[in-house]
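To keep things simple, chains are lettered A, B, C and D as they appear, and every chain counts its residues starting from 1.
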Amino acid sequence: MIEFQCDYAEGAHPKIMERLMTTNMDQTPGYGMDVYCDEARRLIRQACQREDADVQFLVGGTQTNTTIICSVLKPYQGVLAAASGHINVHESGAIEATGHKVLALSCGHDGKISADQIREAYEMHMNDGNAEHMVQPGMVYISNPTENGAIYYKKELEDISEVCHKCGLPLFMDGARLGYGLMAEDNDMTLADIARFCDVFYIGGTKVGALFGEAVVITDPLIKKDFRYMIKQRGGMLAKGRLLGIQFQVLFEDGLYWRISKHAIDMAMKLKKALVECGYSFYAENNTNQQLPIMPDDVLEKLSHQYSYSFWEKTDSTNSAVRFCTSWATKEENVDALINAIKKYSKK
Amino acid sequence: MIEFQCDYAEGAHPKIMERLMTTNMDQTPGYGMDVYCDEARRLIRQACQREDADVQFLVGGTQTNTTIICSVLKPYQGVLAAASGHINVHESGAIEATGHKVLALSCGHDGKISADQIREAYEMHMNDGNAEHMVQPGMVYISNPTENGAIYYKKELEDISEVCHKCGLPLFMDGARLGYGLMAEDNDMTLADIARFCDVFYIGGTKVGALFGEAVVITDPLIKKDFRYMIKQRGGMLAKGRLLGIQFQVLFEDGLYWRISKHAIDMAMKLKKALVECGYSFYAENNTNQQLPIMPDDVLEKLSHQYSYSFWEKTDSTNSAVRFCTSWATKEENVDALINAIKKYSKK
Amino acid sequence: MIEFQCDYAEGAHPKIMERLMTTNMDQTPGYGMDVYCDEARRLIRQACQREDADVQFLVGGTQTNTTIICSVLKPYQGVLAAASGHINVHESGAIEATGHKVLALSCGHDGKISADQIREAYEMHMNDGNAEHMVQPGMVYISNPTENGAIYYKKELEDISEVCHKCGLPLFMDGARLGYGLMAEDNDMTLADIARFCDVFYIGGTKVGALFGEAVVITDPLIKKDFRYMIKQRGGMLAKGRLLGIQFQVLFEDGLYWRISKHAIDMAMKLKKALVECGYSFYAENNTNQQLPIMPDDVLEKLSHQYSYSFWEKTDSTNSAVRFCTSWATKEENVDALINAIKKYSKK
Amino acid sequence: MIEFQCDYAEGAHPKIMERLMTTNMDQTPGYGMDVYCDEARRLIRQACQREDADVQFLVGGTQTNTTIICSVLKPYQGVLAAASGHINVHESGAIEATGHKVLALSCGHDGKISADQIREAYEMHMNDGNAEHMVQPGMVYISNPTENGAIYYKKELEDISEVCHKCGLPLFMDGARLGYGLMAEDNDMTLADIARFCDVFYIGGTKVGALFGEAVVITDPLIKKDFRYMIKQRGGMLAKGRLLGIQFQVLFEDGLYWRISKHAIDMAMKLKKALVECGYSFYAENNTNQQLPIMPDDVLEKLSHQYSYSFWEKTDSTNSAVRFCTSWATKEENVDALINAIKKYSKK
């Protein structure tokens, strides 16, 4: 079985494993107060062109989303997010468990929300005579890329950022797959742009070369304050915190993060091209590492004996949308084999 | 600087690192549903002599304590624990953040609580005419060894277990340092005893040879039910869950967990013997990997240039209690050097 | 200004005020442990034909909804409710503040949900391979009448109840306006039916003749257990609890609750008839005390100088849906005056 | 049976009942937005000599304590309070249910805490190298009078206020029995002093003449902001809010609050004098409406056939501390009868 089901099927990039080996018996203080974390913080600040940013490391995405969101919101506030956003659908109610409603905004298959939607939701609340009886929007959550692989363009993010600042809503970007977004062919943003437009965001490691780990970048002074208490309380403060520092140091000391992200994109684009050639349309067309073709169920069944993918949804009685994921670890020979199989089974 | 400050200063045991390397490019499903986790579960059930136990893996201690406790308690219940217990003092209010009071029971320097204390607390509540206006005891939390290195003896744990079952209070043991407890010279329990007396407990990996990881063993069917939803919601479900499975597999496939625990104890006992010979008394005397001597401040100051330790508390104007930790990774030559330094500085 | 804006504009029915006066200097124990509460409990059990029911009194609706829902759900569960349900829209996130997601089911203007919707939502969750990553449905919330005045018919409620029991989902009915529902002309249920089909529900006093107060009727033994701890913890245990007992005693000792509910319905039907005669359609047609006609904005503007109503929503560029409420306190002469005004302004 | 068990055994002062009757059929907007509430707000601001204060009305004490405390604290903060404080002991974990630890400070039988204790707790936390692993003190809760009837003197409160402001800890006073405190013979503060020294406090109505109701006075602009969302979310926003406004209007329009408080004190002092004459000592000596003598169990047993009191605790094998409460409603003839009985039974 060759796995295209997700982007966290393997361990870590060999360079990371090697560094974990060579540093293994070093003695360091715990909880992210070590030299590796400090160096990783410096590298990430540099990459973001924000010397003033606070950088903290957490282990996983749900933990990171929860910790950030409940740090920002007041008890009577909720977080605006796309209805299909990870926090609204796939975190077992982690946000609500911290006492906050996810204020879902309708979205298309791309999973994106717009500056206009945010402004309208905010104004509708503030102008309502019964506002006190409703949840007040308190921040905005977006993912880039989204759950379905779409990316925000610079103008879109700039507009969102502007609306957020006008409304006093901190803007938080979930960047679990940020590398894959920023390496997409049609992307027009840099990491520095992200840091400039967002009040807090994270650079995903788990899905982009690390064993685990998400690097939170905070530019808003209010969110920086006492954030480490929140990490500890939410169970996100790794005892051997240096494991996170070491991994992000390797990823950012010579651009490895970008190179391996680019590889995943190259593999995804090769697959996308083949799918287009076979005449398939997409549930949500994109240029990142998650390709979501709509394919006949009989073709999918045949593929499933050798290739894994994720089922997304039935689109009609004989077709389904599915997801093929590439990652930093995807081997080109496996993509080629998958393409051949798709071509073979798709022939009439 | 040679570190005796804590038991999580290094990475992982070399055998674990090696296995992580050899399995690194394997493709597995996420979230602990892989073959490594299954094998580790099997080994742990076997070691516990409980084929019916549910075994789940989480990353760290605070996360594990929080997830278990809020899984068990009803909204109006609290958890009985020693006043010096980790959950009452050193988790930034993580338990309260889930809505529950820690019902602190007074304890000595050893950090232990007794069956009688539990029964009295429970009966005092149940017999109070205003019980509805107070927090109802809903479970019991103990650590073995405690924060200060003391262990529970079989008769003590059996009594606690009996009281808990009579009162309908699930018994939860925090075993972050369980290996060091069970390898103590005066310990009279096996892992199977622990599994028999507790409704849920965990076997600590973070402090005993792993990079990170705690193996939760659940014998109570009510706690088993839907526990994985709780892990996910509390941010404890590691995407690459196999990392936890692989580590516990290595620790339990041939008794490595016990051998490296024994090593830490041997090192601690060598140090303890030297401290006794120097005439020092202990803040809380014990036979586990945390030695807490009371020493003159001037001796401590001299030691501090080469050896790290944790400050515990001032005991009088010229003496302090401090903690020296050994671990699976402690080198005997470093213990010898520390002993020599202590002897030298302690001479009048 | 004559108020038709809501059903809580006045104080209490004169009989209640009188009884509060005559009992005012009686000395009773607090917290609902007095003879008045006991007598009210007896009367309500009798009216429900459920001698085994537990009856508890709380002050207001949001408090009652919150207390019940967080008593029932486990931490990883959410409550299924109509998207337009009070708990989803108008309680400032009170449910989420207890840690639980409101799982919104789509509904029409009537605000009702069906047995099929509940079963589908439950089965979709349980059959999802990623169920652990999502909020588990844990109970069902319905209002009768709904926010928009619609009522459930016996067959509908019976079906819902059956599905709920099959799925293990406790069924909770918000009866803030229950009297107005059960007195509607087309209603085919009794209070005993409600008690039979629901696991827990409440009989609203605040909107039906009392100064304040909601009588919670619990038939499910699991919800009964320790429910008073929850009332206290959630701030709903009134010190002078007898105030609640006295009011419900007056309402239920000789059928006053039903007589005054019937009066509100009579007034509403008189108004509805006039609205129909004027050719108006309804946002959500119903036979309870909330009438929601769609009327021209210019007519509404003229009415607004003498008669208050609630704005519901713009239905097109020149018309709006509004709400006229009647209650136990509505004077027929005021309804007649309103009808005359509507007729006058509605003439072309 | 003549009740001295608590200060909420009767209904409301006759003047309040009368006003509730005369206003009963008035039509007003809900949720405290009516003219009665506005007038009560004006009167209370005036009595506090704080035109800038925000005044909000809630129904009961637990609800008020919870709403205020969870409005002020950040998620990782706790509230400093006396170990015997109501929020730490008698609210069923309501504070913890909002996610916050009560940081208990040791106190004597009087139930008071000092400025020094607050400063020490704050500094100990801030100077701890592991502060991030502990709950940060975020505000201070005191009761005046305390649970055991003691009052704070002006110098004490001024010192507490000063420390709080230096440490950035908002100061909150629970004034459930504030009238009884300010009318005590040895009291040296005015309501204006309270308003000057506290950031938020409440004037208790439930125990001082009202059917129910607590008037929250907020002087800190940060706590004022959006406080009504919190009231709604916590279930404390009474639909017929005017009931609270009317009651506080009656209490404050001509000094009724102070006159009836004085009456309770006069009755308590008469009883205290008699207890002293009989040679009894006190569990916690005070000059407010709760008298806590230590009396022989046989005397108490005899009294109990005609007079109710609250059992406090066994002080030795033959004596117990008990509480006799007076209130605005206590009849002098009943106090005289109680005194006679005490004198009779106390004779050797």
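Assume contacts are C-beta pairs under 8 Å (C-beta built on N, C-alpha and C of every residue); 3 or more make two chains touch, one makes a residue touch a chain.
In this text, all values refer to a predicted model and were calculated from it rather than measured experimentally.
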What is the chain whose Cα centroid lies farthest from the Cα centroid of subunit A? D
More contacting C-beta pairs: A-D or A-C? The answer is A-C
Cα-centroid distance, subunit A relative to subunit C, in whole angstrom: 42
Where subunit C and subunit D are represented by their mean Cα positions, the distance between them in whole Å: 34
Between subunit A and subunit D, what is the separation of their C-alpha centroids in Å? 50
Among the residues of subunit A, pick out those that touch two or more other chains and give their numbers. 75-76, 91-93, 97-99, 132-133, 229, 232-233, 237
Which stretch or stretches of subunit A touch subunit C in the complex? 75-76, 78, 89-93, 96-102, 130, 132-135
Subunit A contact footprint on subunit D (complex, rising order): 31, 70-71, 74-76, 98-99, 131-133, 136, 226, 228-230, 232-233, 237
What residues of subunit C sit close enough to touch subunit D in their complex? 1-3, 5-6, 8-12, 14, 17, 20-21, 23-30, 59-64, 66-67, 91-94, 97-98, 206-207, 211-212, 229, 232-240, 243, 329
